[in-house]
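Chains here go by letter, A, B, C, D, E and F, matching the order in which they are written, and residues are numbered from 1 within each.
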Amino acid sequence: MRKGKGTFDLSEMYIVRRNYEDKAEKYVRTHGNLNFAPGGSFADVIETLDQYGVVPDEVYTGLLDGAERHDHGEMDKVLSGYMKGIIGNNSVSTVWKRGFNGILDAYLGAKPDSFTYNGKTYTPQSFKEFLELDQNDYISITSFSHQPFYTYFPLEVPDNWRWANSFNLPLDEMMAAIDHALMNGYTVAWASDVSEGGFSRQGIAIVPDENAVENAGTDQAKWLGLSERERRSSIAGKVGSEVLKEKTITQEMRQLAYDNYQTTDDHGMHIYGIAKDQNGNKFYLVKNSWGETGPYNGVWYASEAFVRYKTTSIVMHKDALPKATAKKL
Amino acid sequence: MRKGKGTFDLSEMYIVRRNYEDKAEKYVRTHGNLNFAPGGSFADVIETLDQYGVVPDEVYTGLLDGAERHDHGEMDKVLSGYMKGIIGNNSVSTVWKRGFNGILDAYLGAKPDSFTYNGKTYTPQSFKEFLELDQNDYISITSFSHQPFYTYFPLEVPDNWRWANSFNLPLDEMMAAIDHALMNGYTVAWASDVSEGGFSRQGIAIVPDENAVENAGTDQAKWLGLSERERRSSIAGKVGSEVLKEKTITQEMRQLAYDNYQTTDDHGMHIYGIAKDQNGNKFYLVKNSWGETGPYNGVWYASEAFVRYKTTSIVMHKDALPKATAKKL
Amino acid sequence: MRKGKGTFDLSEMYIVRRNYEDKAEKYVRTHGNLNFAPGGSFADVIETLDQYGVVPDEVYTGLLDGAERHDHGEMDKVLSGYMKGIIGNNSVSTVWKRGFNGILDAYLGAKPDSFTYNGKTYTPQSFKEFLELDQNDYISITSFSHQPFYTYFPLEVPDNWRWANSFNLPLDEMMAAIDHALMNGYTVAWASDVSEGGFSRQGIAIVPDENAVENAGTDQAKWLGLSERERRSSIAGKVGSEVLKEKTITQEMRQLAYDNYQTTDDHGMHIYGIAKDQNGNKFYLVKNSWGETGPYNGVWYASEAFVRYKTTSIVMHKDALPKATAKKL
Amino acid sequence: MRKGKGTFDLSEMYIVRRNYEDKAEKYVRTHGNLNFAPGGSFADVIETLDQYGVVPDEVYTGLLDGAERHDHGEMDKVLSGYMKGIIGNNSVSTVWKRGFNGILDAYLGAKPDSFTYNGKTYTPQSFKEFLELDQNDYISITSFSHQPFYTYFPLEVPDNWRWANSFNLPLDEMMAAIDHALMNGYTVAWASDVSEGGFSRQGIAIVPDENAVENAGTDQAKWLGLSERERRSSIAGKVGSEVLKEKTITQEMRQLAYDNYQTTDDHGMHIYGIAKDQNGNKFYLVKNSWGETGPYNGVWYASEAFVRYKTTSIVMHKDALPKATAKKL
Amino acid sequence: MRKGKGTFDLSEMYIVRRNYEDKAEKYVRTHGNLNFAPGGSFADVIETLDQYGVVPDEVYTGLLDGAERHDHGEMDKVLSGYMKGIIGNNSVSTVWKRGFNGILDAYLGAKPDSFTYNGKTYTPQSFKEFLELDQNDYISITSFSHQPFYTYFPLEVPDNWRWANSFNLPLDEMMAAIDHALMNGYTVAWASDVSEGGFSRQGIAIVPDENAVENAGTDQAKWLGLSERERRSSIAGKVGSEVLKEKTITQEMRQLAYDNYQTTDDHGMHIYGIAKDQNGNKFYLVKNSWGETGPYNGVWYASEAFVRYKTTSIVMHKDALPKATAKKL
Amino acid sequence: MRKGKGTFDLSEMYIVRRNYEDKAEKYVRTHGNLNFAPGGSFADVIETLDQYGVVPDEVYTGLLDGAERHDHGEMDKVLSGYMKGIIGNNSVSTVWKRGFNGILDAYLGAKPDSFTYNGKTYTPQSFKEFLELDQNDYISITSFSHQPFYTYFPLEVPDNWRWANSFNLPLDEMMAAIDHALMNGYTVAWASDVSEGGFSRQGIAIVPDENAVENAGTDQAKWLGLSERERRSSIAGKVGSEVLKEKTITQEMRQLAYDNYQTTDDHGMHIYGIAKDQNGNKFYLVKNSWGETGPYNGVWYASEAFVRYKTTSIVMHKDALPKATAKKL
């Protein structure tokens, strides 16, 4: 859009398909020491642009027989069974990829070599060039203290099967980069943990503080007698209906949650703006892919604390970085 | 040949391929309660003639990339992994056969819809008709006493995944049928147990009698002191080099060997003639598919005792049956 | 009853017991490629009549120690463990059936060789003859398009471990056979899918149409906005309490439900009559073995659509067939 | 024999059978935390005398159908499968032992309640009394330093499923007890490790010293250049054909071999005498149950070092103990 | 307390830690045929007193990093994984216990060799001596009829990995021993089954009689029409709120519940007194370790019937035994 | 040595130990999607220099109790069992690394924090600095065509659990780099496939050509009649004793062998020189870590063809690169 080409609904399934192929090949080469499962990271999108190009969604929906939604349960099981059959041998044939693609063709349809769009014929490569997408324009950023800051490292999570690098920034600097991007008209791709209790189906994502007496409401006396677990449970029911005091998130808290499996890398969304509530608390506006659900029609309000605590990585345009940060790349 | 159409090398792989498809479908319908493994029975050939036709070997070799021999290890593992992925769900998609065929296409090549042979164009069906092959002309015969004689029943062995019927004859009558066919210019397809000790790689298949003193040679005194196991082991080394006295095989012995897993249904061959050795013992001439190996260049001499003992089933042209037997069908 | 011999409560457990023995033997012969689990088909009753006879229920209840109901959980586990021990060897002993029967005797009691009933002594065979039961009088009928009509084939479902044949009729002709039988005083044994949503515990079995606006009741506007899944869920709650419009079932719909595991062969019942509701819709009266439960005291009303959709097979007396159909056997 | 009643061949299989029953019951009670496998200890013989009695071998051979030797492979697998079926439930029936005995009856024959022997009728109990066998007359002795000496403890080995106690003596005192028994006309039941390298099939059991230059023979120079492993391997080939210098076995060496799984409790034999070789080395005469094999027709010569090193436990008559030791019981 | 030394909160975790070490060693020696899992019996406390001594709770809490409660889930999994690694080899190293203790140190903290308590320095041994605890003063008692009464035997339950003996008394005599102890100022350690339906979280443990019409309340007519299962379910909801008639427990009922897994040995508590309800029914006062929960602040009222039915074993001071019983030890 | 500091035997076990810790942490972070097994790559040495330093071999031998060689079988099993216990939970404790190090301490000894060497005290870091080792001086090089040349990528093999990058050169350029390094006094660390048939235990590593008639010796006629497999087998026996004609290795052949699992990354060695045989064929001198075995006392002669074919990666000092190649980094 920024480039004045109009809006495009690009085919997510084309990217998924291409990444299945790459993942299968790497799974074979590592003799199975890889997470061959559905799911991946933003790197699956960015790092395959140059090699595979993109196609409009209408050209490759991945839907067969008039189906309206993707249901990949059987496909994932047969692909997994197929791949285990490949690595369970002392040698590997030269035809296995053909069979693998045969399965993908059956479940997702054949890949388009070329297609016509708005009256012009494209290949996926030429369509990417037409859109002026360049994978080198984007950068993945994270913030974890078990690796040195201001270096690139592959984030150690199961979905990063691509072993793609992220640039490691201190927490405050990562948050500043998000704000800078939003202030300058860029959106930020946001990988975060939505299985967290504070990520409510009611369009709110916060980190309520179970130790704050303010969160007790009128039951302060009783509150103090509750165990931490009971207070946590009590708060959970209030998310989305009451204003709750949040924790102040530090680099250490964020690291601990990653170290002890409390934070998992499980969903990708888009941050596209900033808002403040009646008390002046800062929230990020998040577009989720779950459709127009929830009280805000598919938009989530993620508090600053939540984004600090639960962001596994972000991807943004390099031009959107603050200058000082950009220099450190 | 009998029909004066010349000799034809028909594609075994075309039949194998078709049977993989059938077996997969039945495996799904029985929710996995079927032997989904390589291997099958003569029924796989006979009972698919009408539905799938036949093609010449050169039209469908099942060999890719200039390979000279079939090595289906990887294919069997990926097919098995794929199928387990199908039946491990509460519902089955409408596209799974397409993916299954995608795998078969990758490993065996695509099935021919039509082909040119000796300057004429055929479909597998029309080629079958040209050859005047008719699946109703053939009959499968067996001889086991746990089912009533003179009835059809599906032989209960793992490879009979097709649940195909055989006609059950008393042992002597089955042997008479073989002889009658051979005497009248028909060959007999023979399913037998070649993992048996007496089936020697030296082109001889017999049932030596470990209790016969005659088999001791000049060591008769020592022979009597040996345990039955030792005598059996001693004889095994003499098969193919000495003339050994064989056991007299009864219906009961044959049944017991089937009941206790000593007889397994593991290989299909062709009986095409009868011969006698210097002592007048009767042998059947067997053409094996193992190539021109052994002292008789791919021919085995199977003793009458062996054929009585170790035949799991035979398939022959109905016209080749003795009249009396044919009437009982 | 038809034969004027009075009513008899025959021992189901005697048949179950005999079938356990047969299933175990076949499981061994197929080296485990068989569904060795509780459950079976009507063939287990019909096809064993000649060989094993029948006994009155009071003669073989299969209940020990004054128990009132069958609880075969432990028995099924030990039988399964025992059988796996048998097939996991290269050879099979001659005594394993004795041990298998030892287990069955322990859990079900010993089989009666002879017994006294109403003052006369019978064997199971002579009792069967006294009842003038003849297994050749009965026929199993099914209706699926993946096999040619008007031929016999073994229905490919896990419970058909016996590989018993059914005669394949077009759907309308199968339905006509049911009606003809009922109209002529015969009942029909009915194998159907009772885990289906429309088979309500409230004595009703229908196939509600989630696409019919009529089923929305007064909420038609809202109905159209619901997804198919939501409409299905909404209807499910109305079965048994509202009159719902049903789907019109074709041969293709019936086949698809079988192909994709939606239809499973899980229960045997008896159809004994026909009824119409206030709107003239046709229902079959079904006697279930679940006791006098539900609003109709153990009777189910199965709609014509349900019977068309969810019948896996029926067994009836051959005399009960329409003449035209009987000729095609 | 000591009691002047003549010699008796008692039924080992009767004891095995009774112990299978006990082991199964204990396996159930411990919810499977027990070694349910063939094999046991002398306690299985001694501690069941009072409860089950004994029978002559001819009365209960455990052999069916004219078999000449025991082959319990299938039986052990089906028993194991059966038992796993029992403990895999939340409750246990009251009939499982009946089924278990049904299996044992099938594979070993039914237990005798009473029998006629030399013209008199006995029960197993009365036959035990006739033989004047009393389980309290016997004691099991062991020698391990991880438990206090002069106390009873259950030897912690897999085969001691009975948790039977042994009396723990210092090594020298255990050896003195063996000698004292033999000198006074008693034999000693000996549980030892026959999978040890020094236990030769040639009738010799020793503990050769791989560090002794004397064992090098004429190759002393080369010997020193070999690794310990090579020397050990070189010696192994000489056992039974050369006189080899043995290690001096201490309590610590013996304990270490038990701690690190080098010593396993795998066979029971009988020591019945003492002999010396030409160099005055002391050997124990051992009667093995392997039949009349080896150069000494079923007799093994076990060196003093071997018995010190590899005895897991011994059982002897209490009257055979040295007085000083007997007092400490 | 009885010894006038004041009250002491002894470290449960010190005993748990020591028992983990013992259990691991025995698990290795039995090659894994032992219940290596959390849980044990009173013997774990009593039988380790002499060898390991005791320490005050404050000296070894087993809590790290300021934690307030024990959460051993991860520890139990890593210990189990570690131990399986040990026994899965043909030999065992000399260092494995060091690694095992390294894990325990990590999760529970290091064991104290000595410590200062109330200004004096103790070792665990000297502290035990200071407390005048002597393991020989205590006895474990049980009551099951599958073993002879008035003998010691190791109770066959999974948690008795120590194979510790209990003295077997007839039920009435065991109950008399409990009463005698309580009347004389001793408490009784009580191992019982708290997963039983009648053991209510409401501080009551009884054995309601589902066959007693008295338990129907005002619904007697309906009660008779219910199945036994329904009556049982109906009663379950009344435990703790209504006075219910209990069953009369016999030795046979108690044995049956143990035989069929209805009784499991799953929790240890303390009986410290006797009370009667308004109807004169006798209850035992039980102190549970679940904290001050329930209506009676951590105290349970266990009916005489419950204690008769569901006691797996008790441990008491030998001085607390009735004279007549003490003589039989 | 090049730096004039004398020769040092650095502790391999110190590096192994440190890498176990890193691998365990990454295994946890990837939730087990990593090859947690013994083995690794040169990156494990190079990339940990800065973080962990180095120590002399005598300071950390990893050998306990006077052992002479490493036997890590039990350690690897317990580590693996321990780690599976960690990742099998929803959360991870903060103490698991302490337990992991407790195991490593038990099996390898504690890590030295500081040590005295030649009279001076060092930490691992200061010792590394004293040796002037710098991890940035070294580069890993590989040559595979499935990734673009002249870029860095993590070689996709199971042992590259560190996801370390190698620089991808065309085959000829990689070979030139090896030669350039050797010619300039540098050695080259060489990761190669020693499970290959041509890697003989006789100190020779070649790629014999089974299609070359020259390799037939005097049996040329017979040679032509052999199958390819037979010729390969025939040649295998001649490696090390005859001069054999080798294949000419191309980039494609090398890639295929990697793709089909013929080449595996299984051993690290050192190339330290170049030699020519009597026919002018070029061989690389290789120092193996298998001790002074083979006819050349621990030296292998690897032919140019073998190094071209079977090199998975090399590590060398950046100064040793040809200028033209160095510029492309």
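One rule holds in what follows: a contact is a pair of C-beta atoms (placed from the backbone, for glycine too) under 8 Å apart; a residue touches a chain by one contact, two chains touch by 3 or more.
Computed from a predicted model, the values in this text were never measured in an experiment.
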For chain B and chain E, which third chains touch each of them? none
Touching both chain C and chain E (chains): D
Can you work out the rotation angle that lays chain A over chain F using Cα coordinates, in steps of 5 degrees? 180
Please tell me whether the contact surfaces of chain D and chain E are same or different in residue numbering, using the over-half criterion. same
When B-C and C-D are ranked by contacting C-beta pairs, first place goes to C-D
Chain centre separation in whole Å, for chain F relative to chain E (CA means): 57
Centre to centre, by mean C-alpha position, how many angstrom separate chain B and chain D? 51
Residues of chain F that touch two or more other chains sit at 89, 91-94
If every chain is a node and each touching pair gets an edge, what shape is that graph: line, ring, star, complete or other? ring
Partner chain F, residues of chain A touching it in the complex: 25-26, 29-31, 33-35, 89-94, 146, 154, 156-158, 160-161, 163, 256, 259-262
Within their complex, chain C touches chain D through residues 64-65, 73-74, 77-86, 88-89, 91-96, 98-99, 101-103, 105-107
